[in-house]
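Each of the next two complexes has chain A plus one other chain: chain B in the first, chain C in the second.
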Partner chain A sequence: MSRLWLIPILAGLILISLALGAASLSQDAGWLLMVSRIPRTLAALLAGAGLALAGVVVQQAVQNRLVEPSLTGTPEACMLGLLVVTLIAPGMAVAGKMLVAAASALVGMGGFLMLADRVPRQDPMLLPIVGLVYGGILGAVATWFAWSADLMQYLGIWMLGEFSGVMIGRYEWLWSVALLAGLLYVLADRITLLGLGQTQARALGLDYGQTRALGLVIVAALTALVLVTVGAFPFVGLVAPNLVSRWRGDNLRANLPVVALLGAMLVLGADVIGRVIRYPFEIPAATVFAVLGAGVFLWLLRKAAERAPHG
Partner chain B sequence: MRKTFLGGLLALALAAPLAAQTVTIDTAIGPVPLAANPQKIAVFDIAALDTLTALGIDVAGVTDKVYLPSLAPVAAKAQVIGTLFEPDFEALVVMQPDLIIAGGRSSTQVAALSEIAPTIDMTIWGAGLLDQARARIAAYGLLFSAQEAAQGLTQTLEAKIAAARAAVAGKGNALILLTNGGKISAYGSQSRFGWLHTEIGLPEAVAGLDDETHGQSVSFEFVAEADPDWLVVVDRGAAIGAQAEAAVATLDNPLIARTAAAQNGRIIYLDATPLYIAGGGANAVMQTLDEIIAAFAAEVEG
Partner chain C sequence: MADRRNLWLWLALGLVSAGFLAWQLRAPQDVILVLRGQKLLALICVGAATGAATVLFQTIAMNRLLTPGIVGFDALFVLMQTLLVAALGGVGLAQIPGTIRFGLEAAVLVGAASALFGILLRRDAGDITRMILTGVILGVLLRGLASMVQRLLDPSEFAVVQQAMFASFGRVPADQLTAAILCLGGALFVALRMAPALDVAGLGRGAARGLGLDHDRLVRVTLMLIAVLVAVSTALVGPISFLGLLAASLARQITDTHRHAVLIPAAALIGALILVAGQFIFERLLGQQSALAVVVEFLGGLLFLALVLRKVRA
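And then the complex of A and B:
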């Protein structure tokens, strides 16, 4: 299927997003667009693309399509790191926070991989469940931390991704997503090989451990970037890659741009809907997305269950 | 209505000296009969502690944090009996208080606390905050036979309210914002900060905001579009002692800078603790009123 039909939809969404806001565009439209609308639109696009790409890498690394960063305890690990930073060094610069968040995301994902290597492969649903439990445990630790430090509402803000605070000067870190996406594109073939599993990937000459580690560093960085700037968006990394793989098969090099595009579209769409429902107030984009994403997740689970007996 | 009701109760109490052992006071869940003049009191609500302190009533037990600096001397003399959210039940059993006062954040614990000692829920919440504050002062006055102190306190409060009304009159409209970790929400006249509009007479820049606990999540564009004459800012982070992102940094952006409030230097950063943690406490309310008076009095009418 051609990917070109996505372009007009995306363009339409971008136009709506630019035209839509609590302030009227009648006077100083250019200024308002520069300061508020364009940054917000770009932030949604970049965050969506980044999360979708992170989903692809995780899925290849554990050879399971029903997994994505938010089902591997990664955001919870991120938050745990952020809480510790907030307690120890509340004044730390954003770059420092980002690094800590990425590092803790990496540790959290390492833990998940250790679990994943021990989970039987026959049932594809087992791994996401293990991931949910693992994320739940990390989340419980984070909640306990936040509770005892009176930081529960900070936790709430990180947990709920949204774009109401985005404007010029407050989203620029997300541009690194574009950089990481470029890096992923270069690595696309290797990451495809990852998806074949250790034995086959090795036989094809891939340095399996190194490639997997590199992929996961990218995922950790993507997750941390999005979490720190706009918050957590569950299911984006699951929905976008799965839909694309259903439409277009599994040529990763050809698919990566489409996955990124679809992720960007979905998150921007969720943000637009969240801005419209209670105009001029806002509903967090992550809430809108979670409702839609959960539906798609259930549908994918059912499909996976149907296919499981045939391998 | 409430005043006549309380007045009636007062008359009843005075007319029946033999029954003076029991008084019926107004609480958040309606009138409750209690033994008068309890001696050993445990308090799980900062607004209640604030008002009791203003009335000169000593307490035996307080939460681990009392948030308001003005309450530090009270806390120093009292025993710690848990946190606002989690009472230390063992300490309470050992302490054997005559009365436990809960409210707000501790109101969910009322049932559990009632097993240890008589517990009243003195929550002050939402719209009509000043009326509730007045009712609490009267109730404590009755309960602790401190009616004179209560009357004096009420008079001081009314004088402050009148002064604040005079200070804000004709100075333009205002939008109340709460900042929290880089994000903002707006509060309307039916919210817990709404008394600044309804009782002090500050016109609302945006009418019809809902009375959600944490305000209406809004964008900076919303504030720019509302373009209020005044921005009244409550920094939730500062209220709970977290300093991750100060309100000033959150509002330091081009959209806010364009509002009339910012251009005329009319952004008021209220001390968040008396409003957010001790909302409705007698001294806390007066502290906020003082801040309002100081900020608005500096402005010439027009």
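And then the complex of A and C:
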């Protein structure tokens, strides 16, 4: 299978990521690896896989390939929830905060779906614009909250995803991504049907509302998990599924592992690049990804316009 | 008729400005008046530049939903600022007098913006949604590049860039303000003299050419004007993406005309009015320094969504 060549690349990236850093590996190598390098590498892999999978589900649910979680206001809604819970109950355990964040992400995504149902489908470019502005509005509210509570720095940490602070004990929640990925794999065929649209999916015997709701709960959970542990990463959910679908077609059950793998590779790759460019200083992985991902998005836009009958 | 409508706007702006200057004026009156006056001028400059730039941009793009901020114009500006600091160094840049620096930045920006958005408008002009989306994503790309270059800078130079990016209304240097007012006045003057030609350009490229207008040249000149206006406002306070949309939409509603001789001043006045009144309310009455940009962003975003959804229905 052609996808097997991804594995040596991934292994190479992991090795580079483990060997790379400001501290030398010559002393206390085992300790350094255990406490810092391995958690960091794993966090990048898990976050990338989770965001890429979330992207697949969102794209199927709104039948639009140019949308992804960060273009639906979900991270901003999640951030808003986190800010509110930080203000009301600062001492709450991480698990509790995560739940609140996931719940508010879900509400934010519900709002986006309501908007999406009003946006006509003829023009695939319209929905991402609506999503961007919707996210901007929620973001403005979050900024206002953070400003009035003097939490701007707190907000800034989440706005920009990066891995420099990841150490043992600070990323373990991301393992739930693996759990959710397994769940998605079980649901893969039903989520594929979701992409056919309400009428056809119903005709094929799918409980459309229930499946869509379930898929979105998973997306909200994935987004919240990644955001709370390492921060926001735009474009990952867009780039990985689109590249895989261009490359291998749309068999979701076969594609999901590849999408997860590619997402993991891309985020780890961005992190490695960010660490190399100005060694020993670091550029946040999300910044590197914003540049690369925006480039890919622009390319996808051209392609989408070439395929569309109008324009 | 239309002139009288603008007269009301002039009156309103005058009243709010007077209120802004005189509200709770205490002991060292002349010092406070000078400080408040500078702030007021900066607010008016930014509001007017943004409003006028948006009307111009909407005309040449033939679309009422656009603002230069949405399609990444101000991101380009931030990137230019960063590159200038990277090229000349913080110290080198500080040695250049404010006015010359301002002119240098404006010149570089005008060139880059005309090239970039000229290509964008020409290639995608037929497909408005694609053009907006391309512009928005281009903005993300430019912002990402800017922050990447910023990270490559030395920490001390990074601080210089940050200061340039987050300049608040509070500390606008007087020489920069003078330069800004000169640029803005010049650009507005040129825009008003071009108003009849812009009216014709609003009919579309084909019709405008049929009527004997050199449409391509007009678009080039207008893009330069927009670049100057956006440069002025971004240099003074930093990016505000939806203010222009609010001002231009309100101006079109209130004046109910396509004539740019009326529309441009109206949008400029409304932009200034929003900023001055907003700053007055938030800073003086509610005691919250920085909420204004956020509120403008919020309302502007809502308006944008409403416009998109309504246009789609129609």
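Definition applied: the second predicted complex is superposed on the first by the 308 of 311 C-alpha atoms of A that agree within 3 Å, B and C clash if a C-alpha of one lies under 4 Å from a C-alpha of the other, contacts with A are read in each partner's own complex, and residues count from 1 in each chain.
Methods note: a contact is a pair of C-beta atoms (placed from the backbone, for glycine too) under 8 Å apart; a residue touches a chain by one contact, two chains touch by 3 or more.
Predicted model, so just to flag it, every value in this text is computed and none were measured.
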Superposition on chain A - do chain B and chain C clash or fit: clash
Touched partner set for A:Gly21, first chain B, second chain C, both or neither: first
Partner chain in contact with A:Val133 - chain B first, chain C second, else both or neither: second
Which of chain B and chain C A:Phe281 touches, first, second, both or neither: both
Larger contact residue set on chain A - chain B or chain C: C
Partner chain in contact with A:Gly165 - chain B first, chain C second, else both or neither: first
Partner chain in contact with A:Gly111 - chain B first, chain C second, else both or neither: neither
Partner chain(s) touched by A:Ala294 [first = chain B, second = chain C, both, neither]: second
First, second, both or neither for A:Pro234, with chain B first and chain C second: second
Partner chain in contact with A:Pro257 - chain B first, chain C second, else both or neither: neither
When the two complexes are fitted on chain A, the stretch of chain B hitting chain C, from 7-15, 115-123 or 151-159: 115-123
Touching both chain B and chain C, residues of chain A: 281-284
Partner chain B, residues of chain A touching it in the complex: 21-24, 32, 35-36, 86, 90-91, 150-151, 153-154, 157, 162, 164-165, 167-170, 280-284
Residue ranges of chain C in contact with chain A within the complex: 126-127, 129-130, 132-134, 136-138, 140-141, 143-145, 147-148, 151-152, 241, 288, 290-291, 294-295, 297-298, 301-302, 304-305, 308-309, 312
In the complex, chain A residues that touch chain C: 66, 115, 118-120, 123, 125-126, 128-130, 132-134, 136-137, 140-141, 143-144, 147-148, 234, 277-278, 281-284, 287-288, 290-291, 294-295, 297-298, 301, 305, 310-311
Footprint of chain A on chain B - complex, ascending: 180-184, 214, 216-222, 224-225, 236, 240-244, 250, 253-255
